[in-house]
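Supplied in structure tokens, the structure appears directly below.
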Amino acid sequence: MLSFLIRRLLQTIPTVLAVVLLVFVLFSVVPGSIVSSMSDDSDPQVELRLKKQRGLDDPVYVRFGSYVAKLATGDFGTSFRTREPVTAMIAKRAWPTLQLIFAAMAFAIVIGVPLGFIAALQPGSIVDTLAMVVAVSGLSIAKFWLGLVLMYLFALKLGWLPSFGYGDGGLKYLLLPAVTLGVSPMALLARTTRAAVLEIMTADFVRTARSKGMSETRVVKWHVMRNALVLILTTMGLQFGALMGQAVVVEKLFSWPGIGSLLVDSVLQRDIPAVQGSILVVVLAFLAINLLIDVLYGVIDPRIRYA
Amino acid sequence: MMFRMFAIVAGLGLALAATAEAQTPRKGGTIRMTAPYGSSFTSLDIHTTQRAQDEIYAKALHRSLYIWNSAEGKPVLELAKEVTVSGGGLVHTFKLRDDAYFHNGRKMTADDIIWSYNRIMDGTKAYPGARFVRVIEGAAAVEKGQAKEISGLKKIDDFTLEMKLTEKVDPGFYFFTALTSIYPADEGAKESFIQKPIGLGPFKFVEHVPGSRIVLERWDRFYKPGKPYADKIIVSIMGEAAARDVAFRNKEIDTSVLGPAQYVAYQADADLKGTIVEVAEVFTRYMGMNPAFKPFADKRVRQAINYAIDTDLIISKLVKGKAYRATSWLPLTAPAYDKAMKPYAYDPAKAKQLLTEAGYPSGFEFEWTTSQNESWGLPIVSAVIPMLDKVGIKAKVKQVETAVLAEVVRSGDYQAFIYSQASGPDPQAALKCFHSSTPQPACNYTNFKNADFDKLVDEAGQADDPAKRVQLLQKANALLYEEAPVWFFNYNKAVMAVQPWLKGIQLNATELTHQNVEDLWVDETSPAK
Amino acid sequence: MKLRANLIIGGALFALAILVGLLAPWLAHTDPVMDANLLNAEEPPSWTWWFGTDDQGRDIYSRVVYGARVSLTVGIISQLINSIIGVALGLSAGYWGGWWDDVVNALTNLMLAIPSLIFALAIMAVLGPGLTSLLIALGLTNWSFTCRIARASALSLRSQGYVQAATVLGYGDLRIMMTQLLPNMLGPIVVIGTLGMGSAVLSEAALSFLGLGVRPPFPSWGSMLSEAREQITTAPWLSVFPGLAIFLTVLGLNLLGDGLRDILDPQSRSRRA
Amino acid sequence: MTGAPLIEVEDLRIDLDDGSRRVAAAEGISFRISRGETFGLVGESGCGKSITALALIGLLRPPLSIGGGVIRFEGREIQHLSAAKQRDLRGNRIAMIFQEPMTALNPVSPVGRQIAEMFVLHKGKSWREANQLAVEALASVRVPAPERRVNDYPHQLSGGMRQRVMIAIALACGPDLLIADEPTTALDVTVQAEIIELMRNLCAERGTAILMISHDLGLVANVCRRVAVMYAGRIVEERGSADIFRTPSHPYTQGLVASLPRLGSRAALGRTRLKEIAGVVPAITSFPDGCRFNPRCAHATDICRTVVPETDLLEAGGLVRCHHHA
């Protein structure tokens, strides 16, 4: 197990390096002088000194080298905009984003998986059709639009939930953004679960289970669920990536203080170290989650061995 | 100096101010303000950031030597009790407050001001406030690393400070923004300062959730007796106007900045109508034309553009009346604004004629660089395009982000652009932007060069008689109108919605969201605890 | 039976969107860009203005009709780029194997590691807003799935008799790939492509919301929706119609993709994420 | 054959609904099995023997359903019992072993648990007790080190071991009838004999009747006392297994027997090739009229092509469905 983990970690290194390179190259060609994002001041001497101080006059490969060297020590550089270490900025944003993403995923699982199960147990029924209509619709709606409608409905018209912000970090602030973000993975999970369950329901071992005299509920509980989990987990793993992308939109809409809104802000204000840092952290988080899911595979499916 | 009532106040705003006057301010409660310009604060080190967004919280946390007085429409002394001018108007001697305490309990002295200004001039950091402090003699030398301390600042005693300027200006206009806030000399140098800033303001720092909000609580040893009123201030970051709208209607926030669409909606809503507060801000919106682009080199073409656009229609319909028609450069609130001046009329025939005279009878095509901004960006451009089309001028849109636009404007890499630029509060400084000695990247974005104009502005700068100065500036402003380096679009009307329980809102023409929070208070109908 | 309903409804919605886009000049009442008349600003829907007018007095119906052109162009072209990249890389990697396969695999892993919307956001930030940038940004960031499928089928097809026969007959690699391999993997790739178009239309809307969308004055549904969001409480028709257009088109594409999958790629029903 | 039969199938018909019409996948199926008896059902794949078994245990799933006839278990009709009542029988009184032991076991559940489920379901045991019983059950099917093996997952066991686990599951509750559907087809030849032997011994000990389903007439005849031969959804012959070898009556059975390598007869046959039946089994949707074997039958006449043959009683005992049986 440990050796598997280490091997998997080693495998991600080239990917991480490639992402670093990509992000670095992408933003080396960004238009607009870097210093101008720091100051309106046009004193050319100051600009020159700043560039020198930050090593922006060095050749690209030197800059890349020192960037990677710093990264290795966990230093993402200093923000052009806030002059804070990017590492610190991201650290403060990490928890809200994690909260949001996991809450969205929890919503997706709690609604999507049972929905898929119910649909699969009565394929072709009205329940099935309805569930799948909900699922396809959930995939087809623009997220910020959905968020606005939810905000309008639950905050303004019904007054049940606050419409924005992180507040004191309480659950009620989390609900609307998490639901908005969770709708597409919910829809996908419902579909995947349905397909997985339908497939598993035709498996031989399910027939064996029935031949034992088990009720359908028990068949599902004892034999189908765990097998479906493997497929559901795969979907989840891939969805985390999309979730982090969508979080950018949802965080901006709900004034949620996460990495997504930091990223958008930094992009719009040309704060390149912060952009690079945020993207890298998102990628690292995504890789970590997928590693976690690989480990979970082994817990769920004994056939997978970490040799 | 001659002063004019700065704020052009809507009746409602006045009424609100009047009721505020009549009641006794209540102590306690929480003020919930919003920071509407983006989804974060830039920094807790207010010296590093010039965004209007950051100054919203800084008004509660920090104090500068001067402060903007909205009622008088000018900066007034804040950390000093009096100032005497000598040395031909260049030497200012400040008698400082001896009752101003930093939030760590230490009393402010002249050393703190000297330390803060020296910090701002650190050339390796490029603090944006440097452009203000640079007016002090010897400051530029510090910035260039040629001196350790600003030679023009002298501590006479703990509470007396002498400041020698490089030119004859009113230092109030230079030292009232948060960019020149006074930090405690000892604490400000520490690493921890940026995590937990300490200032002289009426509220002290409690917490900052980056991207979400800043919470501040009352500083009991604030130097104005009985103030501040509220126990707590929460400044929530809400860049998304639609979300802000919902939150305001939902009574989750006490103030919200309104865009044109919401301005109309709130006016039409009986419940919300009373919450509107508006003021003419010292920003001029315009389309800048590059004289290096051949058609725009001709004054007649630039005038033709001003004639071809139905500016009033755009303001009333698209900007929803949330702006004042621009006549020339100086805004309505400027002391040198000339009420007698009339804006360019909407006259396509005249425009066509001018174009023909200039040698473009069938028009021409140009590229128009714009941001997405709803008040002075894309929507306006989209509305203008068909109007220009009618006189044969084809405009091609080039959309960029605001940050890029700022860069484009400074570098002169455009044929035309649409922008919003500060045109106050100091009219002299505002017009100086069109002086041929002002480099393009500084603020002469249209690279305007006119010897007559230079002369008028220079004379105004030398004039000791305020009336004379105003007269010269008016002339310069009229010359700008005639030369039409830009399409004069509008002066911003800042509009904020304020919940009925929040009292004491000031009509700040420099930026409506910047409130001297010690004067704000909430009555018991506020839903916030 | 239900599967066929997918195909019919989905196909009909998508065909309708295409048709509207193609016939825009005949369907639209007014020019979507030049016919701004501030005197008619913000009229609610009526017989004259079917979908109402926007804050510049432009006919929303006409803008939605023309918006189909932009939005569908974004959806179709960007997904086409994705499909071509994915097939080219996946097919060649699966067929040739070796170091090239390793390179393609590494690239695919890289693409999978960066959430595509974030990647697109970064590219848009560099290129600046506009249709071309959008096509590039969305076209470069969503090919990994196609690539994986193409590679897997190329791998399994490579060893099949008829492909080997073609090799023996001395067919060139390119010819074998194009004539023997490609037709046999088209099914799943068309399915992924259809679904990808839907997500591209949604991504366009998301990027518009973030201020990095199509460059006006030409309307896209995403930019219309994004511009209208502030008036959701006061002038809902501004956002309802472009929102509906996006929803129905993407719904159509999703249903069509599902329907096609049932026909073209029955065995992989559950494998897709 | 004393007393009432354990299970009695009478004129059973199994329908296949292909969406637009119903066709009989099997019809006119009748047979009886007594307590402790071993009965074989033989036929090529697709002849309907497996769905007959599924009908007995109540596991037909759409598009298949019982279209008519009666199934009696201990004299009681069970084909229309409620789902819950059927479940009480299933596993408990009637158990079943499937062909492919790899896929018939849940890959993500330890084998011990899959056995223990039987005791929890039918004997009301707690999981703790059931796990203990599972160890015993594993021991009874001669799995070495059963205490360890209960925690193994199916993929960790060999094919033979897995089928032993299947037998342990099937026999866990001491059923009266064990349906074994091709129980050894997927196994190595060497293991096949062991498994068959084990199954037969255990059933004999417990007095459990066996319904053995296979395409292998030799194997079935070896295990079972009586054999029914199915062809294209009908039983064409039912005989004592010794008789069926000696005097196969239906032309199809004759073909089957002729295709078998016979022990002790190698000398006589010399090295001649085994005979094969010409032609292919027809698809369910295109069964020929009359006797369904007629297209492949060397003796077929006009009547065979038009009239469905009745089931005739043979003088030597047994049944046959042929117009021209010997």
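A few comments on the model shown:
Every chain is named by a letter (A, B, C and D) in the order it is written, and numbering of its residues begins at 1.
Criterion: contacts are C-beta pairs under 8 Å (C-beta built on N, C-alpha and C of every residue); 3 or more make two chains touch, one makes a residue touch a chain.
Quick caveat, the model's predicted, so the values are computed rather than measured.
C-beta contact counts were set side by side for A-D and A-C; A-C has more.
Centre to centre, using the average C-alpha position, chain C and chain D are separated by 54 Å. Per-chain Cα centroids separate chain B from chain D by 90 Å. Work out the mean CA point of chain A and of chain C, and you get 22 Å between them. Multi-chain contact residues of chain C (touching two or more other chains): 1, 125, 128, 211-212, 229, 232-233.
Each of the following residues of chain A touches two or more other chains: 31, 148, 152, 156, 252-253, 264, 268.
Residue positions of chain D with contacts to 2 or more other chains are absent.
Under the contact rule stated at the top, the pairs of chains that touch are A-B, A-C, A-D, B-C. Chain B contributes residues 241-242, 245-246, 249, 259-262, 264-265, 268, 310, 313-314, 316-318, 320, 372, 378-379, 381-383, 385-386, 389, 397-401, 404 to its touches with chain C in the complex. Only residues 203-205, 207-215, 218, 222-223, 226-227, 230, 300-303 of chain A touch chain D when the two sit together in their complex.
Listing the residues of chain A that touch chain B in their complex gives 31-33, 35-43, 45-47, 49-50, 53, 81-84, 89, 92-93, 96, 148, 151-152, 155-156, 159, 162-166, 251-258, 261-262, 264-265, 268-270.
Considering their complex, residues 33-36, 38-39, 41, 55-57, 125, 128-130, 211-212, 215-217, 227, 229-235 of chain C touch chain B. Only residues 1-2, 106, 109-110, 112-118, 121-123, 125-126, 128, 198, 202, 205-206, 209-212, 222, 225-226, 229, 232-233, 239, 243, 246-248, 250-251, 253-255, 258, 269-273 of chain C touch chain A when the two sit together in their complex.
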